[in-house]
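Below are the structure tokens for one structure; questions will follow.
The chains carry the letters A, B, C, D, E and F, assigned in the order they are written, with residues numbered from 1 in each.
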Amino acid sequence: MGGRVVRNIDRAAASVIDGLGHAGVATVHEAQGRIGLLASRMRPIYPNARIAGSAVTISAPPGDNWMVHVAIEQLQQGDILVLAPTSPCEDGYFGDLLATSAMARGCRGLVIDAGVRDVRDLTRMNFPVWSKAVFAQGTVKATLGSVNVPIVCAGAAIDPGDVIVADDDGVCVVKRAEAAAVLEKAQAREAAEESKRRRLAAGELGLDIYDMRGKLEAMGLRYE
Amino acid sequence: MGGRVVRNIDRAAASVIDGLGHAGVATVHEAQGRIGLLASRMRPIYPNARIAGSAVTISAPPGDNWMVHVAIEQLQQGDILVLAPTSPCEDGYFGDLLATSAMARGCRGLVIDAGVRDVRDLTRMNFPVWSKAVFAQGTVKATLGSVNVPIVCAGAAIDPGDVIVADDDGVCVVKRAEAAAVLEKAQAREAAEESKRRRLAAGELGLDIYDMRGKLEAMGLRYE
Amino acid sequence: MGGRVVRNIDRAAASVIDGLGHAGVATVHEAQGRIGLLASRMRPIYPNARIAGSAVTISAPPGDNWMVHVAIEQLQQGDILVLAPTSPCEDGYFGDLLATSAMARGCRGLVIDAGVRDVRDLTRMNFPVWSKAVFAQGTVKATLGSVNVPIVCAGAAIDPGDVIVADDDGVCVVKRAEAAAVLEKAQAREAAEESKRRRLAAGELGLDIYDMRGKLEAMGLRYE
Amino acid sequence: MGGRVVRNIDRAAASVIDGLGHAGVATVHEAQGRIGLLASRMRPIYPNARIAGSAVTISAPPGDNWMVHVAIEQLQQGDILVLAPTSPCEDGYFGDLLATSAMARGCRGLVIDAGVRDVRDLTRMNFPVWSKAVFAQGTVKATLGSVNVPIVCAGAAIDPGDVIVADDDGVCVVKRAEAAAVLEKAQAREAAEESKRRRLAAGELGLDIYDMRGKLEAMGLRYE
Amino acid sequence: MGGRVVRNIDRAAASVIDGLGHAGVATVHEAQGRIGLLASRMRPIYPNARIAGSAVTISAPPGDNWMVHVAIEQLQQGDILVLAPTSPCEDGYFGDLLATSAMARGCRGLVIDAGVRDVRDLTRMNFPVWSKAVFAQGTVKATLGSVNVPIVCAGAAIDPGDVIVADDDGVCVVKRAEAAAVLEKAQAREAAEESKRRRLAAGELGLDIYDMRGKLEAMGLRYE
Amino acid sequence: MGGRVVRNIDRAAASVIDGLGHAGVATVHEAQGRIGLLASRMRPIYPNARIAGSAVTISAPPGDNWMVHVAIEQLQQGDILVLAPTSPCEDGYFGDLLATSAMARGCRGLVIDAGVRDVRDLTRMNFPVWSKAVFAQGTVKATLGSVNVPIVCAGAAIDPGDVIVADDDGVCVVKRAEAAAVLEKAQAREAAEESKRRRLAAGELGLDIYDMRGKLEAMGLRYE
């Protein structure tokens, strides 16, 4: 029933985090074996944001944003707030005042499986948010939740300190311990894609580049 | 079953309406005690629109936009059309021709718990719409509805002449009789927020500004 | 169970296709008798795209984008890829590499009743997509589907070679054999609208322009 | 922000209420001009329940069922609890203990635009509930709401003391002041339907009974 | 825009229809290559109904059930009414009076991608309906639709005279011309399943019966 | 990307599991601090089922049920299959043949965040399933997933061997290591509820039993 705040969490190396952010959600998700995506309902409040950071997690009761204040104290430069309500809720837990406070602590953005408000201000402040709703509905401060405990956010299991990558394609989580290895694979993937992109742009077909024709025929594909 | 058009409705003072528009949805909704929001499915067709105006209400059958024509005659400078279908519907009741006509009558925008179309034209015309869908599906003109009767739109009870505030955060209704009082509270709220914003930007924590630590401890919050 | 690729499909005349694209979804849909719209969940990944082209259809298993590669070989200049999964799916079947390949073949865009990813890249490339989701979830290449067979996409029956029109209002299909006739009606409609637009902008009411007052009264509309 | 309990509410006559219950949702809704239905998401937890009663309304914060206890004290024999959360919520506000208490006060059932739990027990107790979800999620008792104030529940505006009719088809509200008149119309409707039912069962067509053929032809219906 | 009634449609042989009904939705759908299912939102109003029949199709405007009356005249013994609204709608197009009339004409049931009402009566009458909603919302009779034209219902393309199979698993359509061939495959499938069912019930594993172990190993499955 | 099968998993004691099953979802969920519920979309295919068992988990690709066969070999008496697709999917992964096989291995039921079919047969067999959809859509056997790995199913993190409790209220997971402690609390809760139930049935109010009047007054509740 909440009531816990974990103060010391481990984080991945800054260079690894930034590398994952550069690679972006689709590449990172592929690089780690097609896992870690949050549900597609998590959409950015404005286009062209792309961030990565360490998750400071919040488990919050429905319609109660008290724990956001508690979490902000736990933020370090480069962190991302990640909030999962304990039951489905789309209230606007977060607006421009909390964003001002979070930015002052070095926070890079918010991922919230609920609502957000003041989105015009947040856009102006360049504070990116991925949420399931934009909704002005206010919240109370009456019941405890927890900070920096394991949560499930939009269908993904997230531990505090895990690396969050978010861009126009959505949000992906990378387990902290695997972040460096995933980055390597992501970079390899990017390199490999580059040559393919050039060949495809020149008009070569994926059917040939990936050598699919034989397998398709063996599976029974017939041209008419 | 419809068939009524109320011609004379009372409106709030223009200065009050404009003040509420300036305050915006989130602030107004808080100022009146966290009530009056329309459901979060009501989204603007383009960003950065912010309006307030008096509701000219429309109760329309599913897939029948006849009453929109009737309502436009009832518009006065500064009004907002608010349409609720009598059963759930996402047809495109409204497009650029109706917007042209409504604008000619001084209409500031449309709030519709259904669909809208010609959104590129509407954007170009700077005629803002909050709707639950963008959908080109055409409508007929075969069955009566009513204009300027009480409606429930996207979960909110709206009387003709109530003040509608709409921006990127969604849509909020303020009862006409309470509009002046709500504006006062909204402005007080904005003033109070300003000083808090400065303190939060300087790195102070909400935990301290709002004096929450004692209450959190009393509730049993434990740091680990 | 798939496994068919139809190579030779008939297409409408380029001038007809381009004319329909110029008219846009709402007008074309009205011109052909209010039919042909895909469901409103089909939204563009960026605003202000407006295209028309011949449908190259794909019936694909859930989470399997193998047939997209097969379909790209069948593309001709001016075509649009139209993908319907064989059961509901929001995986990201399509990203920047496939778009690079499709563009190299002259493809004008993608309509997909599933997910799309790399939307920032696609936006930069000016490759428009209408989809029901933005989702980075990767797909496999393990099971056959079909290319250029009749499909139902987002509620609309689409045959290969049908004309697809897509813009900010959504997506509409025009049967190939009726495309020229629909274009004529669409153009007539546009012309008729122009004069109405001027009259409405000047303050005339639809009630008068469309001569509705008598019929409304006969139906029982009462003013209070 | 809640905090009000209205103790004395007016109710319709018991015989009127019971008559409306006997007529059922579809007939009552038609009799009053096709208004008053709650949204179709409101489904009964078991089949074959059919009740009518006076609304004791509850406006409750998300995930907080404190006000249900307050409302139960206000119940009189024949009442129905009607709960609307102040923002969308599907938590299980109500289970077998509250039902036991409500039944002891003469309550006939619950209409809740949120969740309910212990549905096996409620079924066994023959305490009917119409809800938007079955969900065991527990609630807290930390924030005030209101009892016997006007609410919007599942899209319908409901005042305390209004008559609620609920059966397998859903839920309908009848304004208290109009209940007697609606009952009369409902009974007239039932009588009229009876003779039509016999004629239809004997094979006569609605086309003939309702004399539709001429009007259809005039509208342009063509047989092929 | 509707207005057509096709009077003479071809139907499959009664014995084929009944055979498909006996096989049921899941088997028939598999037998014809995993195609033909209507969307999963189509649910029966009561359990244990299982029917098959020839589709008499209805394309109806939103909230307008006039064409149902027209369609009933076209019914023959063993037919099933299949209604698709021209835009998404959940109004209750159909209730006990129409069911009485349809039954008198030999109709076996209704498939409707919209709402139905009087479900308690329909259950008592043993008239099965598969719908996307139960909703009492009444409809008007003001606008033409069409009867016995091709429709898309809940995502499936249906021609008049196609065979509809419906049971607790949902609804499936079989093209009339393929009905006999599909029945043969369905019956072969049923026979094959029977022996597998006995082996599985005796504790044999699908891994062995279907000889999967080698392929799984080749694909890289590893046991830990 | 899958491909792992863990053969030896730890399970809770049978008596603990059965005790939790007897307590039911709502009580168990409360006893462990209001955590562990799966999303409310998980509904039973027939009423009055109540089971508990050890989770044998399946992570399966969309539309591919190959791993169900692999998982069945890992079942022990008293286990429950728990399947989460790697991306949202409602295909019918499971029907009567697989149920026959699972029952032969002692399986008590299935929890699947996707579709199920043959529900009439499953009901007859008394094999309970909690799913997000009933859908006949068939699946393929082409891509590997994993068995007995940690999964997130319908929003809940589930490890193999965790205790699953499921009844008419939905599904709850109890961590294996905490199962005994949760059972104790659940039983204490049940005992405490019994005396309250008697008092409430006798007409005492929760306001008095739980001593709420003072706190409500302090919070500002006012009676009118």
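FYI, contacts are C-beta pairs under 8 Å (C-beta built on N, C-alpha and C of every residue); 3 or more make two chains touch, one makes a residue touch a chain.
The structure presented is a predicted model; accordingly, all values stated were derived computationally and were not measured.
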* **Intersection of contact partners for chain A and chain F** => C, D
* chain B to chain E, fewest steps along touching chains -> 1
* Structure fact -> When C-F and B-D are ranked by contacting C-beta pairs, first comes C-F
* Repeat of interface A-F, chosen from B-C, B-E or B-D - more than half of residue-number contact pairs shared -> B-D
* Structure fact -> Given over half shared residue numbers means same and under half means different, the chain D/chain F interface is different
* Report, in whole Å, the distance between the mean C-alpha point of chain A and the mean C-alpha point of chain D. => 42
* **Euclidean distance of C-alpha centroids - chain E vs chain F, Å** => 31
* Structure fact -> CA centroids of chain B and chain F: separation to the nearest Å works out as 41
* Which residues of chain A are in contact with two or more other chains? -> 34, 37, 40, 86-88, 90, 135, 137
* Which of the chains touch, listed as pairs? -> A-B, A-C, A-D, A-F, B-C, B-D, B-E, C-E, C-F, D-E, D-F, E-F
* Across the complex, what residues on chain C touch chain A? -> 3-7, 46, 66, 69-70, 72-73, 90, 92, 95-98, 100-101, 103-105, 115, 117-120, 123, 133-138, 141, 143-144
* chain B-touching residues of chain E, taken from the complex the two chains share -> 61-64, 86-91, 135, 137, 140, 142-143
* Interface residues, chain F side, partner chain A - complex -> 1-2, 33-35, 37, 39-40, 86-88, 150, 152, 155-157
* Asked: Touching chain E in the complex: which residues of chain D?
  -> 24-26, 29-30, 34, 37, 40, 43, 47-48, 50, 167-170, 172, 193, 196-197, 200-207, 210, 212, 216, 219-224
